[in-house]
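As written, the chains take the letters A, B, C, D and E, and residue 1 is the first residue of each chain.
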Amino acid sequence: MNKINIPLDIPLAKRSLYERRINALTKNTGRLFIFAGDQRVEHLNDDFFGPEIPLDDADPEHLFRIASSSRIGAFATQLGLIAKYGSSYSKVPYLVKLNSKSNLVKDEDPYSAAWYDVRQVAQFAKNSKLNILGVGYTVYVGSTFETAMVHEAAQIVYQAHQEGLPVLLWMYPRGKAIQNKADAHLIAGAVNVGVALGADFIKVNKPDDLSPHSYLEIIKAGGNCTGILFAGGAASNLDDLLNTIYTQVHRFGATGAALGRNIHQHSLKEAIALANAVAAIIYDGQAPEAARRLLLKN
Amino acid sequence: MNKINIPLDIPLAKRSLYERRINALTKNTGRLFIFAGDQRVEHLNDDFFGPEIPLDDADPEHLFRIASSSRIGAFATQLGLIAKYGSSYSKVPYLVKLNSKSNLVKDEDPYSAAWYDVRQVAQFAKNSKLNILGVGYTVYVGSTFETAMVHEAAQIVYQAHQEGLPVLLWMYPRGKAIQNKADAHLIAGAVNVGVALGADFIKVNKPDDLSPHSYLEIIKAGGNCTGILFAGGAASNLDDLLNTIYTQVHRFGATGAALGRNIHQHSLKEAIALANAVAAIIYDGQAPEAARRLLLKN
Amino acid sequence: MNKINIPLDIPLAKRSLYERRINALTKNTGRLFIFAGDQRVEHLNDDFFGPEIPLDDADPEHLFRIASSSRIGAFATQLGLIAKYGSSYSKVPYLVKLNSKSNLVKDEDPYSAAWYDVRQVAQFAKNSKLNILGVGYTVYVGSTFETAMVHEAAQIVYQAHQEGLPVLLWMYPRGKAIQNKADAHLIAGAVNVGVALGADFIKVNKPDDLSPHSYLEIIKAGGNCTGILFAGGAASNLDDLLNTIYTQVHRFGATGAALGRNIHQHSLKEAIALANAVAAIIYDGQAPEAARRLLLKN
Amino acid sequence: MNKINIPLDIPLAKRSLYERRINALTKNTGRLFIFAGDQRVEHLNDDFFGPEIPLDDADPEHLFRIASSSRIGAFATQLGLIAKYGSSYSKVPYLVKLNSKSNLVKDEDPYSAAWYDVRQVAQFAKNSKLNILGVGYTVYVGSTFETAMVHEAAQIVYQAHQEGLPVLLWMYPRGKAIQNKADAHLIAGAVNVGVALGADFIKVNKPDDLSPHSYLEIIKAGGNCTGILFAGGAASNLDDLLNTIYTQVHRFGATGAALGRNIHQHSLKEAIALANAVAAIIYDGQAPEAARRLLLKN
Amino acid sequence: MNKINIPLDIPLAKRSLYERRINALTKNTGRLFIFAGDQRVEHLNDDFFGPEIPLDDADPEHLFRIASSSRIGAFATQLGLIAKYGSSYSKVPYLVKLNSKSNLVKDEDPYSAAWYDVRQVAQFAKNSKLNILGVGYTVYVGSTFETAMVHEAAQIVYQAHQEGLPVLLWMYPRGKAIQNKADAHLIAGAVNVGVALGADFIKVNKPDDLSPHSYLEIIKAGGNCTGILFAGGAASNLDDLLNTIYTQVHRFGATGAALGRNIHQHSLKEAIALANAVAAIIYDGQAPEAARRLLLKN
């Protein structure tokens, strides 16, 4: 994504609002760092309580404490949490994740409907005076419920754009028809669907083949008007994490990253420092080593 | 739950109404005792008529008679019953349980839709002039119908908050994917979902492992803005019941309890005395022995 | 059901209308006799044409001829029939049966949606100037479609009450989960569901165990604000029929009966006489022998 | 059907319009001849192109050419076709067939939803100024989708009557539960359902047993206010066809016939002559031999 | 399709708009060339990235670059793409393809719902000021979801015509009931369904039997008021492609062609030249050899 492109389904009266929100998300760089905090539903308590996880993470407020002290583009989480904690964390930039499901049912093709319609989010943004910068929605491409989900995604993009709200789509190949959900060609196909849906940003998982050729296919599929974010995935080695993000963004042309566990499964102080190191890479273009040093200073 | 926290999805004009209702439910203590009377649907007549159950309980009015003479936070039951008996029991604090299903179908994943939308409950509250303090809804986390239910729960919370109505969610892991519905880690996960949905109070069943570590995980997951209530479950020994409630609330930090069978499967006089003993523990912080003595005096 | 109890979901402006309709149905006695004429859908032509059935019954107008000359509380049938024959039978008290299904599909759990919404019935009542005294709906408790049906029933009660219309629910345990649909404990459970739905009257089938204990459980479950009607069932011996109705109503405290085949499978003259004999038992409290004599006089 | 009976679900303001339409359909005789032209969907191209079918029939306009030159009560076909050809055939009396499905899926119980709602048909009638005399809908009685279809049929009748539009229901027993769809007793049951739905006319297939007793049961079930039409079925011998129609209508009391293939699978000239011969039998009461002679003259 | 026929479901006020759009699509010839660009969803990235495909095609903008420099009737693609790229390609004639699905799920009967309703497309056309000439929708005839799709198609045609928008239906036999989706008789049947739905244009695949008799049946089924377009299908030899299009249109009477892969799987310059060669055949009636020479000159 090279330029701010205002889609034509945004009404004239909402174009500058949309542009301001894009600029806030990207800190005027065209790049984006999302702090993903929707996993209390997606992964239930697996990511938040356990022998290797600091007790800080057991409390839902931990995510808000991190978000309020880090240089993130937006904190993506459910509206119910934002409503409950928003009055204490009113400066955080939020992205409302519209759908979420638990990981309990494993042998059926996945489906997850939006919990709210966009009109309700817009009403909430207005009434709460919170800094809501966008909405998000996951599409399971290849699920037997794909039709329902692409329909809902299309409606969300259309209606969010009517409200001047940018949209981030999680485009995930899932279901019995999917043999390898990390196949680069398939991920590029999922990007195609997200682009056709009019997403402003698309979050995908890393391909299993980390070659430049794989990244080329995926990022090319995003075209010039849609930003590609890569997920952090299961907690990884710190050096690997910073190097990977740098390479994805500054070598292959990705728009940014969306990280959850890699950040919040630390004590508050460490989590904030780590989030700021990632921000330095994505927004300031710092090299991984510089970001690493920044982190150690904290 | 330590403080009254007014969620930001409650419109300005409804904030003091919401606060008054929370204060009425909690009797200004931050704690809550629900008298659960929705089982005439959930358990059909099994809990209400039988050799060991006093004949008083066969009549639906028994529940109202108890509710009207006890110091409960609210009597949770179906709107149809409230509409029929409300004119004779107009001082009872009610919580409208929005969904209920019978226990007959056992080999399919459970689903239960709301019988009314929140707007109808608000209209009913206004027209009937009854003291409706909130609404309730059960979510079966892990059911193949989880998606439909979390969607409906999210809408109920959003719309109830628009009306200044607090929401109690029954968060129950159920369905073929659930191996142990009393697993503390799983219950904490169900709490996570309820918190993300924006519930004001969450009712869960007791974990099978009654260790402090289990309670810690579950109650931590509730965070600072959402109250956790434990169900009474199948009728238990009186001393155990009072001790358990005391421990859950005053040692582990639970917000309260929701009891049904343990109360109503007694003659009217005993049921009222028992409800008041529980109220003394929850609201007044009396020790179980003191509550027990109170009970014997009746 | 001992008294006229005006449910609180009936708006103030409709309370006297509701009361008038209840009084018309019960002829100011608190008791009710329904002439059930919805079986042309439920049983197709099995009940209406055959070697043992008088040819009168082959014509849909037979039901209207009976209804217009008998002292019934209401004739329950489909709106389409009422619309077609109503101009010739404008004095009949009608109860619009909202859902009906044929008996052809036998190996799936039953479901039957309302054909009309209550608003349409109210509009029809107003435009047609017919004497519509209530609406009816069947719930199959224990069917895998129970959730859809209790939702629809709750909405019908709520909306009918908004229009000042009493509601009769047919509460029938059905589906693969049901081992004995005539079990008294199960029927009492079905009554519980109907009471929680806010029904004014509930029609159930007779239990297989006709003991006072069975009737006690079923009728107690109805409580003080909801009337229990028993179905006549397959055509039975005349003496048995009259004795059973007398016993159910005047010994066990049932509110009345709903009869179909037992009435209409006779020539017009006999059918009218029989309906009037039943009315004499239910409304006037006549003994079966007296009603029998009344019948022979015709 | 002996008299024009204006159903009471027709608003006062639409009663004369309804009556005019009934009179137009029946040419003031109380009898009805429908030219059924919905099979281009139902039978795809099987009835319209093949070695034994004149090439005229391959073009959809063939049906309009026949309809515009014959003395039919109405030409029943889909709204899309009427919209396309209506400006060239503006004098034809139309009946909009609301639902249609192809014959490709054979091993599932059938279901076919209405393509339009009645309000759209009424809007189309008004805007197009075409002579729309009614609407039609097929119900598959005994299908596992029966519930959805009877609900939709009831709504169509109710709403069509609100617009002063007569309704013809195709009542067809279909699905795995049906052992013999041509059983007279079952067809009479399907008629019962159509009558309860408030249909003005009901189209059924001929029973396999063509005895007077079978026709008696079926036609009696229609009662005095609903007309029974028999389908022509697979193309049959001309003499048989004319004799059968005469007997059904003038001996057994059927209201008329609905013919498709028997008419359109001829060259235009023959088709028109044949339609007019059928009209002479139905509307003028001519004997089959006289109609036959009329046909030969053309 | 021989003449501009304005369907009667187009309101008077929109007739000239509809006519202008038809004239723009057909360049006043009654013939139509669609550049089909919806496959980034339908075929994911298979058609766009691979060893035999120029890298140009990996970028979604490639399709817009071709469309903006070729003499096409319309570029058919998803609204999201049009919204994103429309401001840079504001002169392109667009046809909004309303439904699309990926090719991942292979063992279930296909279903694909419209992503937007027609009202939204009309609103988008107005707000964006783009040159939207029509809408498109795929129907899978013979799928177990056929009923849902023909209902949706009927609604789309009706509502598009209300807005003065022409409709192109992709009529594709698909699903387990289909033995040979390229059977000419079956394709003609699918055309029948599209004509009954009121489509202005119908896109079908080529029959496997390319005889004049096959084309006769298919094109006759379209009648005089509905245009038949043939798909290009998998990339074919250039001479074959041009010859086939010429024969279909100028020998058999087809209305035109809809091509995707055959065009876009070339470098930009070649793709534009090829599109213009096809336009010369379809719109100008040039012979394939002349079109071929035109192509070589580029």
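FYI, a residue touches a chain if its C-beta (ideal position, glycine included) is under 8 Å from a C-beta of that chain, and two chains touch if they have at least 3 such contacts.
Computed from a predicted structure; not experimentally measured.
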Distance in touch steps, counted as few as possible, from chain B out to chain D
2
Shared touching chains for chain C and chain E?
D
Have a look at where chain A meets chain B and say same if over half of the interface residue numbers show up on both copies, different if under half do.
different
As a multiple of 5 degrees, what angle does the CA superposition of chain B onto its copy chain C give?
70
How many angstrom lie between the centres of chain B and chain E, each centre taken as the mean Cα position?
58
Give, as an integer number of Å, the spacing between the C-alpha centres of chain E and chain A.
36
For chain C, residue numbers touching 2 or more other chains are none
Quick check: in the complex, which residue numbers of chain C touch chain B?
5-9, 11-12, 141-144, 146-148, 150-151, 154-155, 157-158, 161, 173, 175, 177-178, 185-186, 188-193, 195-199, 216-217, 220-221, 223-226
Complex interface listing, chain B residues touching chain C:
38, 40-41, 44-46, 48-49, 55, 58-61, 77-87, 100-102, 104-108, 111-116, 120, 124, 127-128, 130
